[in-house]
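In the two complexes below, chain A is the common chain; its partner is chain B in one and chain C in the other.
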Partner chain A sequence: MFKKTAIYLLLTGAALSFLYPFYWMILASLTPEAQIGQLGVLPKTLTFDNYALMVSKIPIWRSLLNSTFVAGLATAGVLLFGAMTGYALAKLRFKGRELLFIVIIFTMTLPFQITLIPNYILMVKFQWVDTFAALVIPALNSAFAILLFRQAFKSIPDDLIHAARVDGCGELRIIFQILCPNIIPTIITVGIITFMNSWNDVLWPLIVIRDEQLMTMPQLVTLFAVGGRAEAQLGVKLAAAVLLALPIIAAYSVFQRYFIQSMASTGLKG
Partner chain B sequence: MTEHITKRSRNRNGLLPYLIVSPYLIHLLLFVLFPVVFSIVLTFHKWNIISPMEYVGLDNFKRLIQDRLFWKAILNTLQFLLVHIPLQIIAALALAYFLNQKIFMRPFFRAAFFMPVVISGVVVTILWQQLYGLETGLLNRLLIGLGLNRVEWLSNPVIAMISIAIMATWKNVGLYVILFLVGLQAVPRSYYEAAEVEGATAWQQFRYITLPAINPTIFMVVILSTIGGFSLFIEPYIMTDGGPLNSTLSAMLYIYKQAFGYYHMGYSVTLGLFFALIIVAVVVIQKLAIEKQD
Partner chain C sequence: MAVIKFEHVTKNFGKITAIRNVDLEIRDKEFMVLVGPSGCGKSTLLRMIAGLEEISAGSLYIDGQIVNDLPPKDRDIAIVFQNYALYPHMTAYDNLAFGLKIRGFKKSAIKEKVLEAARVLEIEPLLDRKPKAMSGGQRQRVAIGRAIVRDPKVFLFDEPLSNLDAKLRGQMRLEIASLHKKLQATIVYVTHDQVEAMTLGDRIAVINQGEIQQIDTPQNLYNFPKNRFVAGFIGSPPMNFIDGVIRRSAKGLFFEDSSGALYAAAPQALEAYTCRNIVMGIRPEHLHVRPEKEAERYASFNAEVQLVERLGHESFAFVRLHGTPIAARLAPEDAPEANTTMTLYAAIHRMHFFDKETGKVIA
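This part shows the complex of A and B:
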């Protein structure tokens, strides 16, 4: 009995250490600057001043739209091309298939530190710097997604495909209408991980976007936090951080089970 | 009938598979293979993107060897890993071990631990910058409340990188709790029951039943957090800009500054390539060590 109590105390303490800072952050963003230093568990005064000031300084709503647009397109591309390439690798016979598979494995083990700067140079040469093309096009394919789709398609019997071909289905219809409904868990996993990675990515946008109107949300918030425009006001920085966290917290609250399953099954994090 | 279909499908396969994989092939050539080849070419050149490339032979490598700041950045990154990885394994394993007992509200605890994993590193870093604040930060207020001395979390060069490693552990540990939990749940209860009958203590049960069973998970966690830790960038970028006294300058932050602060393309590509080799070497050594143990 004593042991059980100790375990509950320990787990509750741990849970508090993960949740309380977020609670504090939301509270602090609603507190007048002068009172943040003494902030405890309950607020004395609530105000939206920090948010008003932040919204007047940076195009935060615009960046929210930009991030949604970029992450949405990237996710659509990764799902579309991932399913197509994964299908070809799993179910079609063609020369070079084994080689392609090996190359995909190779790209997964390749540290991104090698390709980062040459890719920036490509963006300069394509004149994609300061356009959405730089954020979206390099993100449309993912080796990891292809491998997951290949794995999933392999578990579907060939008979299903043969039957569809006899009925006169084209390959794209076979992939998206016949096979994809059978691998919904894989689609959810790839979708969640891709969207989250894209949403949370900040290094690549920092490199290729300088126009404030085109910035993604984490990028804009980062530059706001390190630049002088927050005028060293904690509450304003925290307000920006809260707005950045809210969409993912909302999605996480609803699809919590899927988030955990997706990331645990692949061992990947955002 | 079967033969007929096979024949037809083989015919239809002709060029079609290539068409289906072509979006990925174009991507692969453009954004992966070309950059790898191009980065090797660039290591022998000096270039700021605007003026023409200038061939400089092995100058970039010579400069790298003598670049004290780069080596410091590598050591800083290794220091980060040395604090982060053991801390993460111990914390994740402990939390997973307690979660695996017969307890109520397991889904709640799991979800709470996992929360920081899904949230942007930018948010976590801005938040912890305040928690680590010298005067009004939550942690120092807590320490003073307990009658202890405050800590210079981010302003002391000896402590700053450790502080960042603690924060990174806090952010990622939930993912590894889940991975360990999966490993722990795969151990049959009957093992523990048998051990209890034999009179084994809780520690003996952990040492001889639990630990061997989750060995593969431990190694997976080590490798995943090594790869993740080597890309440490946004945390020092926001929190300290590499300071104080370059004590939190990570290798990735240094390469970023060389490339996009000074536009030393040839040199920064050389740094990136060299750094990637270090990463691959460390991961390969870890994998070999694992295979030797098995």
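This part shows the complex of A and C:
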């Protein structure tokens, strides 16, 4: 009994120490600039001034839309093409299949700094710089998604696919109508991780996007915070940070059940 | 109409040859059983008929047309898998309806067909359940329902009963037999269970290591096995094999077992094998504790009884003839005691003789 209480106290303490910075951030963004320095645990004066100021200075709503569009397309693309690639690597028989898989896994081990410059040069050659194409198209498939889909499809018996073929299914119908409904946790994991990675990415947009109207939210907020336009006002920066974190927190709380389940079954973390 | 014909068909998986030069013709409306030990290539043969496995060499015909490259959906076949392979996310109704939907049947027509199939298989109460909420036997019925609902010209079964318990298996065996009568379709049925093979098949193809050993009716396979493998595979307990030599005496040829304890007159056809090592085969049911019939000739020998199994209506005596294990099927009242010596009478005209090297039957 005592042991259990102690464990719960410890866990609660740990949880609070993770939550407190978020709480402070939200609270501070709602506090007048002058009072942020003396901020305690409970709010004194609440105001939306910081938010109003931020909205007036940068096209934050536009960037929210851009981010949603880019992350949404990337996620859809990864789910679509990742499932197709994973299926081929798991279930179709062709020469060089294992080699291809090894090469794909190998790309995961390359630090992105190595591919950053070549990728940028490609974007320039394709004339995709300063277009959404540079943000979306390279993100339409991922080795990580392929790996997860392949593992999930491998666990499904061949005869299920055989039954579908005899019933008249083509490959696409087999993937999306027969197999995918049976690997929902994998789809959700891949979906959330892809969406978060795309949403949080700052470096790549910084390199390929210069037009403020095309910027993603993290990019815009980062430039705003470090670029001097926030005029060293902490409250305004924090307001931008809160808006940036909200969609991810919302998505996580909706899907966390699947997320944990699938993390446990695949042994992978994001 | 559905005649299936394999012509010199071979299947390789990389370096492994799973099917070797198979010739097999399955007649219209025939119940053909493919039987053989695990890994002999039965499923591969079946999947080739379905179009799920590419053919490495040779030709496969359905109704006289080469179908080597015809996709599964255009072959008008249905298949029931060992692990049922029902779509886990669909109800039984949708499992049955799925193939019809894809083929573009109208909703009302689909409903009619599904309900009819469900009625035949008595699975109506299961229709809105998903596979997870069914027992093995129920899944089996739904899987058969998914096959018959499309009314195909060929049914393929891949060890459909192997996951059921013994009682249910016996019951489903009868149902499949009556289904065959009702459906009037060609059936190819894979099993490793020789009881299923013997009871269901019009004809049986015995397969070993990717090659067809013999194709014949169940009775002929039992009476006239072509080689030692078939002789040993069909029948339970299996045929006894006794090593020995063919010798010549004043009265004609005879067989002498290698311990010199058993002598039996041998047919004249074994002339060429005089003084050569051969193998004699005799089934457990053709060994008796006394001569059964006046007119027949028997070879008697003494053997040590190791173990006796009493099944009520019959009993098995497992004996040894100088080290060679032999099983005898006896009437319950004839069962000996273990660790005694008994005299057995082997019916001479029931003996089979095999070439020791090739295993082929020689008389």
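A few remarks follow.
Please note the rule applied: the second predicted complex is superposed on the first by the 243 of 270 C-alpha atoms of A that agree within 3 Å, B and C clash if a C-alpha of one lies under 4 Å from a C-alpha of the other, contacts with A are read in each partner's own complex, and residues count from 1 in each chain.
In this section, contacts are C-beta pairs under 8 Å (C-beta built on N, C-alpha and C of every residue); 3 or more make two chains touch, one makes a residue touch a chain.
Since we're looking at a predicted model, the values are computed, not measured.
Of the two partner chains placed by superposition, only chain C is touched by A:178; chain B is not. Judged by the touch definition given at the top, the superposed model places A:169 against chain C, while chain B stays out of reach. Considering which of chain B and chain C touches more of chain A, the answer is B. When the two structures are aligned on the shared chain, A:157 is found in touch with chain C, with no touch to chain B. By the document's definition of touching, of the two partners only chain B reaches A:21; chain C does not. Of the two partner chains placed around the shared chain by superposition, chain B is the only one that A:207 touches, whereas chain C remains out of contact. When both complexes are overlaid on chain A, the residue A:138 reaches chain B alone and has no touch with chain C. Of the two partner chains placed by the overlay, only chain B lies in contact with A:196; chain C stays clear of it.
Residue overlap on chain A between the chain B contacts of one complex and the chain C contacts of the other covers 162, 165-166. By the touch criterion given at the top, residues 157, 159-160, 162-169, 173, 178, 181-182 of chain A touch chain C in their complex. The touching residues of chain A, when paired with chain B in their complex, are 4, 7-8, 10-11, 14-15, 17-19, 21-22, 24-25, 28, 36-38, 81, 84-85, 87-89, 92-94, 97, 100, 103, 107, 109-122, 124, 138, 140-141, 146, 162, 165-166, 171, 196, 199-200, 202-203, 206-207, 218, 221-222, 225-226, 234, 237-238, 240-242, 244-245, 248-249, 252, 256, 259-260, 263-264, 267, 269-270.
Partner chain A is touched in their complex by these residues of chain C: 47, 50-52, 71-73, 77-79, 81-83, 85-89, 98-99, 102-103, 146.
Put simply, chain B touches chain A in their complex at residues 5, 8-10, 12-13, 16-18, 20-21, 23-25, 27-28, 30-32, 34-36, 38-39, 42, 49, 95, 98-99, 101, 103, 108-123, 126-131, 135-136, 138, 170, 172, 174-175, 178-179, 182, 220, 224, 227-228, 230-231, 233-234, 237-238, 241, 252, 255-256, 259-260, 265, 268-269, 272-273, 275-276, 279-280.
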